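Paired with subunit B in one complex and with subunit C in the other, subunit A is shared by the two complexes that follow.
Let's turn to the complex of A and B:
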């Protein structure tokens, strides 16, 4: 086994953890504004589409087992198109990191830190993510694997506790289909996390059994996310739009548990782990794109570039999470639809032509 | 006649810098044959020398060759014929050298004896049930202790000598057919490459064996008991025995070994699993508890349960120190008391406890310098360090690091540091074995002996987290 590749299980864990990104805090309340409790259908539909993307990834990996995504694009569409796609992916990934950071920052600021400057957050996130990226994909994936059971157990614990607040199944079919699709489209920026898998496909060892394993892990994560949405809408119903921290709020607003202490600490710690992992993988993917765009510059330059752009946006423009989300709903969906779904569809076409000569 | 005995012996003595413990004897047999003897009187069994060597030699009536003398001394442990260039090397190891004028070669009679303690229970690896013998400083005794665990031809013991001046005897032990040849070769090569003036203890070579010697986490196992070494060798590990050290080293080493103890296997596996969980909790308390406490006090008082918050507020009211300095102060106080109690004569131990617990602790609280919750948290964390006694020093350093991070960055800093450390540990590899195996990467079969340990009957395979030649343990 090469020292730079990750196992199918590590890929499954990475994909599952990335799936939680941006979906368990603010998204349920944002979607509610568009489609009320029918947002459950939005999440189910988009997650099914994500599953489709995952199968495209499997097929692509099976057809081009030893090639990187960039090599596939460059061979099939030419270097210029490949670089253009990579530039957009780099920008898109940067936006997603910014989103994860801002949403987590707001959450920690409101729920955990009452008296702290944002330098603390920037410092911790950048330090952990930069060092993780320098260590490589395998240590990051192993670290995720190490904490996977803990994270999932904490998440399930939050869902189980929320049962005590469960009122009744949320009222569905309360809005038009147009709203469902519009809500989904406007919030596409919160999805499409499997794009990272494409970027690291040459570092993944994939077998038939491994594909099944990834499918199982990802399906389980999707089920948990859907359950969270159902619990959230059933607990908060018409006030759902106010609750910006879904996973935490479903247990915080329970008088039954407040006597035991702040049980939302479980959710807080889970979100801390998740956001650190998601940003680390995001920065790694950013550097992978950077490497293909600027092949002469090494990893160090990729990390420094990310840090500089990130810091300048955070420190100089005082970008807050509402601005980032507004940006997401206005421009990003168009990018997202191309990068998350059109690009995988193009890749699917490549796989019908038989194996690549170079690879076979 | 090849040489003059007296002159030859004097030459050897000179080569040994006329050291005061070099003894030279020329005796004459009943057959009027002159025999020269040279040895270090501080390194041999003097009684055996007189009774077993001098007496039979002087009573010899005919003129003998070295081979004949060798057969006369056959009842002694180890007698062999050596060349002149090997003489000095043998003398310094405690061998008596015999020479006769009619032969170029020499007879080496090994009757080495030096003060050595008997195998006893090591203080840091005590067990309630199970073998109590521990390694000692004498390598021969240690080899015997290991040999007694394996009555098989498959046990391989390889000799090495390391250290320019100490020329320390090191033995590489493994089970042929189980240990991976590549690992054995790698260890052997690393040991051969060591170019140092002396090896005083096995810890001297740990850093040469580790792939990341600057790391806080140890990557070589250090064991004080032969039963544990035997168990590790049966799993496919290689043991390194160093003369003069009661600690035997083993590689490859996994982080999991920190929470395993021989006691786990000598009790019910259910109890073993329970104890391992307790050890992990102890480890977490030791490292994270003080940091979490101060981060709660400084940053996250809003997430602290109200009753707990009221108690803390009442007891910390009016303290002159900030929460961070209070914890650092108490931790350092404990560290100083610990260091003092280690080095003070035992009869002063009680006095230290009184000074520590009553005067410094109780009076400190009453004087309003430190708070009772602070004392409890630090005491709990410091005691918890010894749930993993072999790592107590490293954990203690981590405790300070976490304390600093918790006090300056809060809970996110603590989680960040945990992720940082685990990512770092995930990047370590010990002789081909991922340091965090069988958790990351997950090796399902090895989880049977991880936290929730299974009974011995179900552990049918050897660990797969590192290379093994023979995976089947039982059928």
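Let's turn to the complex of A and C:
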């Protein structure tokens, strides 16, 4: 294995960790406003679509094993279209990082660091993420692999504890199909994290067995997410819209646990690791796009550009998570649908052109 | 030095660690402890005093001490809004108010004359009050209540959290937390139940605290036992009766001073916190009605999670007893219920299986050792228990129907399992989910088994 590539297992871990991004804190509450407990169907439908995207990725990788995503796009659609797509992907990934950061910041501020200033968060996040990017994809993936079981164990622990708070099965089929699709469409920006896999596809070593491994890991993560949503709506029912920190709130809800101290520390640690990894991978993907858009500039410029835009947006416009989400529900879904689903469909068409492109 | 720089250059993560250490360690070392900057609130009370909101905080203030002791203070502050009152309270004690460890929120009955959701919203959404926090109401002001709790904690090992935890587990219909209140508020029937703890004067079956108030008057020959007005000031409405009771203090004049000179009185009074299992019914965020222990027990028969009810049967006459008084305890309860529509009418059938044991028996004819077996049940006893349980359920349901408060989620249960029929039925009545309960036919079958 090359020192710049990641193994199928590391890819599986990366994909499943990215899958949790923006879905386990504020999203259940946001979806409830559109589709009540039928939001469970939204999450199932979109996750199935994500699984479809994953299979497109497998097929693309099988057909073009040694080519980067940019090379595939440039070969098939031309350099201009490839660059245009990359520009939009770069913008979209930047938005997603902004969202993960703001939601995590809101969460940590409410749960732990009431007095912590905004600057401390920016400082810590950017420093760790920048350093991770400089180290490269493999160290990030290895670090994820190291913490993976711990993160999953913590998440499962939260779900198990939430059983004690289980109230009653949520009322489903209580809203129109239109609301379900509208809710899903408006919040598409919280999904589509597998786009990162496309961007780093030339750094992934994928075998038939490896595909199965990725599928298993991702399926497991999807099941955990769906269980979280079912538990959340079962516990909170009519008050789901109030609870903005789903994974924490499902365990702190019960009066039974208040004497046991801060049980939500488990959820806090889980979210902390997830956010850090998601942002690190996000910044790495941003830099990958930047590298293709400006081939003469190296990684350092990519990181600096990201930092400058990120800091200026956050500090000058005082963006908070609500503003970022509002922006997301207004404009981003149109980008999201193109980049998350239309682009993979176009890629799927490439794979039907025969295997003559293999290793070109 | 060059080697160190080279090592750092090769391992940027080390650089990150160094930068974080330099940035945060000095700050962490010189920063005061959180307990010095934060006031840890264990209970919070809300009152409405004229047009102002009064916030009362039972606060844990840590002081370094070698012995095991905890110092609680009651801090209160009022302002035109709850958030301002909180800010004022924070200013008073010079600490940030932290509600993360708050287990109890208390609202006075006066406060419940208006929709409390707006006031609670600040606490739950902005001030991070845990929604698992128990929400209760009281007959006095929450300030008086928390002062009492402070005394209670000082004089005994009984604390409010234990009391409420027990009550929530064994007596109330369900946990009366802020979230369960919200759940009722935002449900189609807009009603919920809150726990109710009262403070009364005298020997009334509760936990007593002797309170001595030093009241200094302005002279003018004030004497007697009416000086306890400080405790009951600002009371009105439904709580006036209870505070009236508190005003009847036992005045003991400690100094007999002449007219015009300041007088000092020691008013000794015994106050008691009463936890009798009664509660209050909240509708649209406001106090709708008080619910007695018996009415609550009637609802609890339909809740298998609540057990331990004590049944008293008077004038039992059967083959072993003559006009006896038998006391049974329900050790376990099983409910098999069914929801259906019969000829378009919603019917709720509950098959209650009560596993009971005899606690006390007064009035045995003979052979006491046999009849006092815990498993003793005669046909007459079965009949009487069945009648009593049905009567209590009936009384509670009538109470809920009168108040149009479906706190037993009957509408929701029918809606969930028989949706189209429920929608159709609702259209045929007023169309309001609140009116659904009165149209439900309840069929209760009680089966008694010895433990």
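Here, the second predicted complex is superposed on the first by the 356 of 360 C-alpha atoms of A that agree within 3 Å, B and C clash if a C-alpha of one lies under 4 Å from a C-alpha of the other, contacts with A are read in each partner's own complex, and residues count from 1 in each chain.
In this section, a residue touches a chain if its C-beta (ideal position, glycine included) is under 8 Å from a C-beta of that chain, and two chains touch if they have at least 3 such contacts.
Nothing here was measured: the structure is a model prediction, and the numbers come from that model.
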Partner chain in contact with A:176 - subunit B first, subunit C second, else both or neither: neither
Touched partner set for A:268, first subunit B, second subunit C, both or neither: first
Touched partner set for A:253, first subunit B, second subunit C, both or neither: second
Contacts of A:242 with subunit B and subunit C, given as first, second, both or neither: second
Partner chain in contact with A:66 - subunit B first, subunit C second, else both or neither: neither
Which of subunit B and subunit C A:123 touches, first, second, both or neither: both
Comparing the two partners subunit B and subunit C, which touches a greater set of residues in subunit A: B
Subunit B versus subunit C as contact partner of A:131, first or second or both or neither: both
Which superposed partner A:33 touches (first subunit B, second subunit C, both, neither): neither
Touching both subunit C and subunit B, counted on subunit A across the two superposed complexes: 114-115, 123-124, 127-128, 131-132, 135, 262
Complex contact set, residues of subunit A against subunit C: 110, 114-115, 123-124, 127-128, 130-132, 134-135, 168-169, 171, 173, 236-239, 242-243, 249, 252-255, 257-259, 262
Touching residues (chain side subunit A, partner subunit B) in the complex: 7, 9-10, 108, 111-116, 120-121, 123-125, 127-128, 131-132, 135-136, 138-140, 142-143, 145-147, 260-262, 264-265, 268-269, 272-273, 276-277, 280
In the complex with subunit A, residue positions of subunit C that touch it: 12-13, 15-16, 19-20, 23, 37, 96, 98, 100, 103, 124-125, 128, 130-134, 161, 165, 168, 175, 177, 179, 182-183, 186-187, 412, 415-416, 419
Residues of subunit B touching subunit A in the complex: 299-305, 308, 409-413, 415-416, 419-420, 422-424, 426-427, 434, 436, 439-442
